[in-house]
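To start, the structure itself, in structure tokens.
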Amino acid sequence: MKILFIQTGGTIDKNYPKTNAGYAFEIDEPAVSRVLEKSFIGFEYEVVSLFRKDSLDVNDQDRSVLKAFLESTEHDKIIISHGSDTMPETASFVGKIPGKTIVFTGAYLPERFKESDADFNIGVAVGSVNVLTEGTFIAMNGKLMSPESCFKDAVSGLFETKEI
Amino acid sequence: MKILFIQTGGTIDKNYPKTNAGYAFEIDEPAVSRVLEKSFIGFEYEVVSLFRKDSLDVNDQDRSVLKAFLESTEHDKIIISHGSDTMPETASFVGKIPGKTIVFTGAYLPERFKESDADFNIGVAVGSVNVLTEGTFIAMNGKLMSPESCFKDAVSGLFETKEI
Amino acid sequence: MKILFIQTGGTIDKNYPKTNAGYAFEIDEPAVSRVLEKSFIGFEYEVVSLFRKDSLDVNDQDRSVLKAFLESTEHDKIIISHGSDTMPETASFVGKIPGKTIVFTGAYLPERFKESDADFNIGVAVGSVNVLTEGTFIAMNGKLMSPESCFKDAVSGLFETKEI
Amino acid sequence: MKILFIQTGGTIDKNYPKTNAGYAFEIDEPAVSRVLEKSFIGFEYEVVSLFRKDSLDVNDQDRSVLKAFLESTEHDKIIISHGSDTMPETASFVGKIPGKTIVFTGAYLPERFKESDADFNIGVAVGSVNVLTEGTFIAMNGKLMSPESCFKDAVSGLFETKEI
């Protein structure tokens, strides 16, 4: 098994600014690399960075770049780290790509934080991508969800499944 | 979705001894509770403790207790934290239980350690149990494996699949 | 021995925003409380919050409030957590207060970060306040310095002693 | 200012065993190096390892080696990491050495643990060694104590000053 990890930005990769610029975060190297390096990984993987944006700043041009990349890559098991606020939009935009298993994940607290949920969330994505066959999914809050049927609840911040 | 987590011991739950007894660890409260509490979980779960043993001390009587518990519980999605040294033996002993999805996991470093792989491994187990239907599996090193076809390599410490 | 800890803000207390406001930090509860609670403390202490500002936003009115508070408090051993950028200015403004030992400290990375220097810096302040008799000092980079004779180097970010 | 740090062992440096030997810790590289490397240190320092023992195993031969080393070294500001159980005995054995400021410290939880007090305690030792002139001291629980007048309370585990 080989997994490709793609960085697009979001909370998971936020770091304290190296310059003394006061209040603003910056989006730094992919957290997924640090998590995998300490986790006694037994599969092959690569980590690539496509862009580094807060997900509120991700636009349809970015999504087109991501989709084109996913369609052209030879990899068939892919985990994408992405900000949570527009994760369903991006995952829906990408949609299903024949022959590929794609899982989006992210975090509520940056991986640099002691109390971060990043390690767990990346684990959930890895566990599901082991088993899933084809399709594009969201892995947040320990749940696997279809992009079209879930949304981030504005009050709780948790991902919920739409009532039909 | 509801997941039952079962503690049996192992490295993942080892803590520094409260008494000043020098070199020995003790197996403490289930690490899985601490990981889930900080990870913005969106599913229901329970955590129960069956026993607290280093996996080299787990014997067939313990395994019978575990198997009987698994057969009698109403839960159908179950994650078992267990020491890695005899994890394949215990998982093979338990075997497949009709209607139940059972995933064993553990850690190379206690969850109490800064560099622990516990959060990631619990995540892998949760991600896979979302998707798997029936059967008993091992989730270590980011891989899902059948208990009968894997072993812990004595040199690398990693779980490998048996050549046939 | 009893030590009074005063929060004024700065990097040490920055936390990820609870609202999903994108890039901005917020200054949260005093980090010093969390550090002391886990450090098996054998002295009495109190923690009070005077204000919560990035040190670039601390003005002379804030400094007057702080100085008045220091002059009126009954405590004689006082540690002040403060942003590093204007720490020498605030400590010089406060100056020496008869009968009181005052130590300013802070951090380069928030205490919430895994790699934070907060615990160490608070320790340095506590160690020095045990021994110092009277005066107002800065404890950064593991060094005790006089506010008038030190400055934060714009390039290295470290506190240096002025050449005379 | 230059500080010499000497490792003698104890809880602060305990690590999970690299071999899969079950319950036993091992005493690993000096934790003080990791703490200093992340703490934006502004003074010169060296770290040397004299021995790696749980402090219950430190005997008078070890103490003689330590004392001889302290008497012969050119350094005059010295911090010694040591297990807490016999820290007063070792510090009393060493006694005062003319021209030298010596501070013993340690930890209740290994530096490898998330909740460790190691960073704080090393900070206390560094802060006090900045200010102290001559003598041999114990820095534990955020307090500076004379080796002859303190003891580790068997119940609380904290260092207390003897009633006279």
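Odds and ends about this structure:
For clarity, chains are labelled A, B, C and D in written order, and residue numbers in each chain start from 1.
The working rule: a contact is a pair of C-beta atoms (placed from the backbone, for glycine too) under 8 Å apart; a residue touches a chain by one contact, two chains touch by 3 or more.
If you're wondering where the values come from, they're calculated on a predicted model, not measured in any experiment.
Set side by side, A-B and A-C show the greater C-beta contact count at A-B.
Taken over every residue number at the interface, the positions common to chain C and chain D amount to over half, indicating a same-residue contact. For the pair chain B and chain C, the distance between C-alpha centroids works out to 44 Å.
Remark: chain A and chain B have CA centroids separated by 26 Å (rounded to whole angstrom).
If you average the Cα atoms of chain A and of chain C, the two centres end up 37 Å apart. In chain D, the residues that touch at least two other chains are 114-115, 157.
All chain pairs in contact, by the document's touch criterion: A-B, A-C, B-D, C-D.
Taken in their complex, chain D has these residues touching chain C: 1, 35-36, 38-43, 108, 115-117, 119-132, 139-144, 157-160.
Those residues of chain C whose C-beta lies close enough to touch chain A in the complex are 11, 14, 16, 20, 22-25, 54, 56, 85, 109-110, 112-115, 157.
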